[in-house]
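Letters A, B, C and D mark the chains as written, and numbering starts fresh at 1 in each.
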Amino acid sequence: MSRAIAMTDSPPAAPPAPARRRSPLAAILRHPGAVLGLVILAGAIGAALLAPVLYPASPWRMVQRPFIPPFTLDRVPLGTDALGRDIAAGLMHGAGVSLLVGLVSTLAALLIGVPLGALAGYLGGRVDDALMRFTELFQTVPSFALAIVLVAILQPSLGSMILAIALVSWPPVTRLVRGEVLSLRSREYVQAAVVTGQTTFTILRREVLPNTLSPIVVLASLMVATAILLESSLSFLGLGDPNRMSWGFMVGAGRTVIRQAWWITAFPGLAILLTVLALNLIGEGLNDALNPRLSRER
Amino acid sequence: MDQALTPPGVAVAVRDLRLALPHGGDRPNAVDGVSFDLLAGEILCLVGESGSGKSMCAHALMGLLPKAVTVAGGSIRLGQTDLLAQDAAGWRDTRGRRIAMVFQEPMTALNPLMRIGDQMAEMFEAHGLLTPRERRARAVALAREVGLPDPEGIVRAYPHQLSGGQRQRAMIAMALALEPAILVADEPTTALDVTTQAQILKLIRDLQRRRNMAVLFITHDFGVVTDIADRVLVLRQGRVVEEGPAAAVLGAPREAYTQALLAAVPAMNPPARPAPDGPKTIEVAGLSKTYVTGGGWWRAPRTVAAARDVSFALRRGETLGLVGESGSGKSSVARLVMRLIEPDLGTVRLGDTDLTRLNGEGLRQARSRIQMVFQDPFASLNPRRTVGQIITDGPVAHGVSRFDAMERAVRLLALVGLDARALERFPHEFSGGQRQRIGIARALALEPEVLVADEAVSALDVSVQAQVLTLLEDLKARFGLSMLFITHDLRVAAQICDRIAVMRRGEIVELKTAAELFANPEHPYTRDLLAAVPGRARDAA
Amino acid sequence: MAGFIAQRLAKGVLVLAAIVVLNFFLIRLAPGDPAVVMAGEAGATDEIFVAQLRTKFALDQSLPSQLAAYLGSIATLDLGYSVRQQMPVATLIGERLPATLLLTGCAFLISIALGVLLGALAARRAGSLADTAITGLALLFYATPLFWVSLMAIILFSVRLEWLPSFGFETVGAGYTGLARAADIAQHLVLPALTLGLFFMAVYVRMTRASMLEVSRLDFVKTARAKGLTEGVIQRRHILRNALLPVVTLAGLQAGTLVGGAVLTETVFAWPGIGRLMYDALLQRDYNLLLGVFVVSSAMVLIFNLVTDVVYRAVDPRIEVAR
Amino acid sequence: MFKTILTGVALTLAFAGTAPAQTPGGVANVVIQPEPPGLMLGLVQNAPAQTVAGNIYEGLLRYDFALKPLPGLAERWSVSEDGRTYTFNLAANATWHDGKPFTAEDVIFSVEFLRQTHPRARGNLAKVTGVTAPDAHTVVFTLSEPFGPFLGIFEVGSLPMVPKHIYAGTDYKTNPANNTPIGTGPYMFKEWKKGSYIRLVKNPNYHVAGKPYLDEVYWHVIPDAAARAVAFETGKVDILPGGSVENFDIPRLSQAKGVCSTKKGWEYFAPISWLWLNNRKGPTANKAFRQAVSYALDRDFAKDVIWNGLGKPAIGPIASSTRFFNPKLAKYSYDPAKAKALLKESGYKGETVRLLPMPYGETWQRWAEAVKQNLEDVGIKTELVSTDVAGWNQKTSDWDYDLAFTYVFQYGDPALGVARNYVSSQIVKGSPFNNVEGYANPAVDAGFAEGAATVDVAKRQAAYDAVQTTLIEDAPLAWLLELEFPTLTRCKVHDLITTSIGVNDGFRDAWIER
């Protein structure tokens, strides 16, 4: 072996930004907003998990006089609604439904959006054209209107709501993934994979998609937030699942009595606000942690 | 002491400059105790490899340090002022009027949404000089002075309508607008083609003479230093290694580091090589590819020929260089040969296999016979896969078991000079040169017959570049590879190629052995290219 | 440019046709039909009545022939007839469209003007208290359910403070004309346009801020700084102008959401726009009307997209106009 | 020969004495919800259309709070001894809004018209064999057999008079005049800004001298319930017809200063709400299960909490405010224990039953939630099936439900509004208002037939008592509440509610104190 080969590079010339790749979790924890978001979200998840323990009875039970203001009776700390149902119980049980709708519909949207975007971006040409036209179609129809029509057609239920939300929220995913894949496709390491004879599927799975993950994660966290908002908007219009206690339902149900009983609307509204806020904060934190290019100046 | 004037003849005096990096960097100071005088009417070159702190010095002079970098000590004196002590208003007054700067990347240094003339006029506006009408007139005059064609027209053009060289001329015109005493040029020709580089260097030289400016010229290229410097300051890791008149430093360097750097610069005279006589491994015939793109410079959309009837053959053990400027189609030819893009016409034969006829699974199988080393050591390795995975993915895709592939990877890593522990690590833990070695190991893992190296050493510092070139040469010999070596750097080509093909606008204009090409260039374009290579004076010496 | 617009329009027509076909079948999947709804509303009904209604709504014909008839009339720019409302769909939508255009237009202007302004401020003082306050405020508006803010705004500004009217498009029966009428409509517009606009403002604040921070790292900003330009000029002329490009793109993409969001706002504020018309048409299974609203609102989105593209092209000289 | 029942003299009844002097002029702002699909009453019969257009069109008669006929377009009327010939003397000076005189020909034409377009009129007129016009202002109806409630079918929504000169020989449904309805009523259609408001103006040539008093009536379309309440509070509108705001808002609104409310004006409709129970299949096919449902329902909770004290528990098929109601027949009260026992007896095995709420706003939604809770409390697994108006109509019409909320108008007489929900001949798919539950009992069929064909009141009472007893025992459906929809007005609005259909023809007499 010649001397030149044995010799490594001259003194480790400034390794490229070593700080770049510290663990994302650590990076998030450095972000005060994201920490606040995580705390709030943990609270919401905790409420969802503890609901069956703390309030084993149905949240629909009429347990007290209607319209008991909050902080007046220990048994119903947050008061009762128009039928005498415990708002605290509703909030706890509703957390699960809101989070579930947000999470599942986002997952479903990802399930539609990621493959379509990956195919469009990687294959290009006619496939790309056709898929993008299809995406455009869904972006052109006013999304909330489409969601309303879908729920009305399928009849309001948890499933139809999730489906409708997923169906109106996948196009941004497709666009994002397509854009990322398009730029990754010409990356040298992807070309290297082509050159070393790996199959298209393997390349997508191994080389392309993992590297689109961070923007997708960021987008997904924001999508969960938007889905929760959408769910509450649909419920507000009376298109919620009448068998599930959700925050959106509570706001919708309380709006008629908002004048005499602000708390019925205020608490679930606040819960939505906080959760959406938390998810957005986490999204920003993730963005800063995973896409350092866009991170905020400090 | 503080009130002291800079001595007569000294334009800027830098004393004990210390620039601190944020915590967690590889070293505490980017620039650590650098002192120098920039004299009126001279061109002082700051030379160094990446990370040497040369650019930081330039930016410190303009007060344009990145936010993370802070001044930890020292002074920069310009006349009566210590630049480092002045406030924001002081800096605004200094910039442009007293010190002007030209940046490395002409493609991005101009605002894409503003007309060239308006950007020039801003120079006057920033300092409250002239009326808008006069500013426009001056912009035209400046454009004329820096040799831009059609000055009246070009001031109304947008940056994207100009070529790289024209943009750099526009940048220089802008810098000259207020007739500053000092011009800071930060690698102003690095992004340019060699012929354009020669023109811009000449322009800077001429202007400097005409205006008797002091120029602080930052570069990594000793060729450029040879062509332009009056004095040289060699930096390494933020410290001054050596300083002196250009002739002295380049001719008789005192410090070992300077000597090593200079030694690593490839010479223009190709070493004698035995003529390869192996069988033909690859034969390219009539390869053509045309792109339709939008035009520049007020022209309608046009077609660009990336390859026009390109033909060549490669013997076993032979290295063929493809050289040319950007847009000459050399990289396209590499990708056409690799079937990363589809040719419009022509064939690529690998032994008795016609690569251009293969598709799908057949193509995938055939790919192992021809492998590629890419340009960018940072973009060519998937950041999410370990080095081991990166090297073994190819063989595994061709049916080798992961275990066997790993064993082979260990051997290959040793061969390219890396430790077996590297297998478990991720690309970001390696330096640029090490990454390039990993890329080479990946290519070799498939035991190819042909290696295509696309600007494989262009992004590396000169010392690392020399090592990687030696490695490639060595591996080629060891495995009896044929190599297609794409480069824009004629010095590199001279060192490694048996034969060289010069490309221009998708065509091979000249193809002969390296020695013959350098000794006896026939095509006028080849001659232009050779003449433009910086630092020929030193080669002649 | 004309060629570009023509090409985009042709593409838009195709998208519209696809939307029509898709929604045509989608809508008919819903349980019940207009005859059933009207029969139900009548408070009493029998078979003859429902059969009469079905004939009247042309529901007794096969689906493909209904679709063919509809596409045929759409092709001649005729949106069909709403049998339920006893009026041509075009007339019904025409009566409502100006209100929606006014609402979404104002909301859009508010959102983009405030969003860009605040986003630019936040970016300029990135990391400062002002930045935190602005981004926090934007987040808050973004996270608050639209209808909830609307209700709160009504209670505060209309009921408690009595500053602004709570619903409707204008003071009915006041007989205002000219300027007085415009002022009256403007008063009614304030709350709905603000609540809708503030939500989207949040989007633009974030986008502008991020975009400006990104642009401020580009080389030409350094060039501008090297000229000795003041920070204000650099921010305005160099950073903001370039940072607006992605904001324009985003505005195009948001158009669909904006029109969708108008449904909620129009409901809460009794704004007589096509969003509400759509919701009512849906509940009444007024197929032609519902399809018509979809066609018109989608066309609005397409036109808006076209406008943003034209704006983008006008702002960014790099995009070849000839292409 | 002919016995005059009542002559049109004592118009103002009890109100005349207490009312301050009527002042003509002024504008009424009224809420209308939802926006009607059209105002041509002969073609469109939904509730908001009746509310608005009842002031444009007129029927031959009006009805006081006790459902006694009052003069409308007919000034006098008489019925023959055998109860088969009815003669109406029309107002001689009545004209259509376009100036053409209103004559007996228009009445004959209207009957023909409505037989084609108006399902309820078609049923009501089933026994009419001839309509003749001896002179321009006299109309004679001949019946095939006596029909007890016949004088009760001439209300404006049930038998509105439509202009012959506009509709004769045209396709009624596409006649362009449908958009500019022309009636004989106290107000003329002026303008309809879809989605915003409908504007009616005073008919200066109204056939009752001095009436109407108001210059204009604006009907405001405000889709959101809370916004409607706000509109009333802020003084944008002065009149909230029954049912136009959510019940939860009513106490607050009616207690506000200067606001008057009345529960009157719904006697003709006397809406009863109940749960359809699907008698055909599932647990609800079992009588004991159905009775269990009735015992499980906490009607007082619904009345006090959901309806804010409005209405009263319904004990059987006939509303307490209409004729032939018998309070002694009550049976069901809130008794979960009894419900559980009956459930056990029924052999219910915990199947999930689907409960269809009424898609008419929050009150109904809350009620469905409460009922679901009631049912679950006694052990009936219940699932709410949410749907919109179209879906609800479709599902009930197609009998695709287990339990479904509804409320039904009584139209003043069991023969007009009650029988249709219980007689087996009305088991017909496609309508949400007939015998949707699928209950068939020959005794009940016969009892209702007898009640309708009899003129003698005592005999009718006996027939209906028998029917009620059987129905209450069989519990084909679960009666919930007799609903009340108070009308809220500013107190300066007077004489708005003067008949048993309230606002629907109320602006004839209404005036605003100034």
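Quick note on the criterion: a residue touches a chain if its C-beta (ideal position, glycine included) is under 8 Å from a C-beta of that chain, and two chains touch if they have at least 3 such contacts.
Heads up on the chains, UniProt names are A = Dipeptide transport system permease protein DppC; B = Glutathione import ATP-binding protein GsiA; D = Putative D,D-dipeptide-binding periplasmic protein DdpA.
Treat the numbers as computed from the prediction; the structure is a model and nothing was measured.
Among the remaining chains, B is positioned farthest from subunit C, on the basis of C-alpha centroids.
Counting C-beta pairs in contact across B-C and across A-D gives the higher total for B-C. Averaging Cα coordinates per chain places subunit A and subunit D 49 Å apart. Computed centre separation for the pair subunit A/subunit B is 43 angstrom, with centres defined by C-alpha atoms. With centres set at the average Cα position, the gap from subunit B to subunit D is 88 Å.
Taken residue by residue, subunit A touches two or more other chains at 152, 155, 255, 258-259, 297, whereas all remaining positions touch fewer.
Contact of a single residue of subunit D with at least two other chains is seen at positions 226, 387-388, 391. Multi-chain contact residues of subunit B (touching two or more other chains) are absent. Which chains touch which is summed up as A-B, A-C, A-D, B-C, C-D. Per the touch definition, subunit B reaches subunit C in the complex via residues 62, 64, 88, 91-97, 100-101, 103, 105, 108-114, 119, 122-123, 125-127, 158, 160-161, 171, 174, 294-295, 300-301. Residue ranges on subunit C touching subunit B, taken from their complex, read 218-220, 222-231, 233, 237-238, 241-242, 315-318, 320, 322-323. Partner subunit B is touched in their complex by these residues of subunit A: 1-2, 4-10, 12-16, 18-21, 187-199, 202, 206-207, 210-211, 297. Those residues of subunit D whose C-beta lies close enough to touch subunit A in the complex are 225-226, 229, 246, 248-249, 252, 301, 305-306, 357, 359, 362, 365-366, 368-370, 372-373, 376, 383-388, 391. Contact residues on subunit C toward subunit A in their complex (touch as defined above): 14-15, 18-19, 22-23, 26-27, 29-31, 126-127, 139-140, 142-148, 151, 155, 159, 210, 213-214, 253, 256-257, 259-264, 267, 275, 278-279, 282-283, 290, 293-294, 297-298, 301-302, 305.
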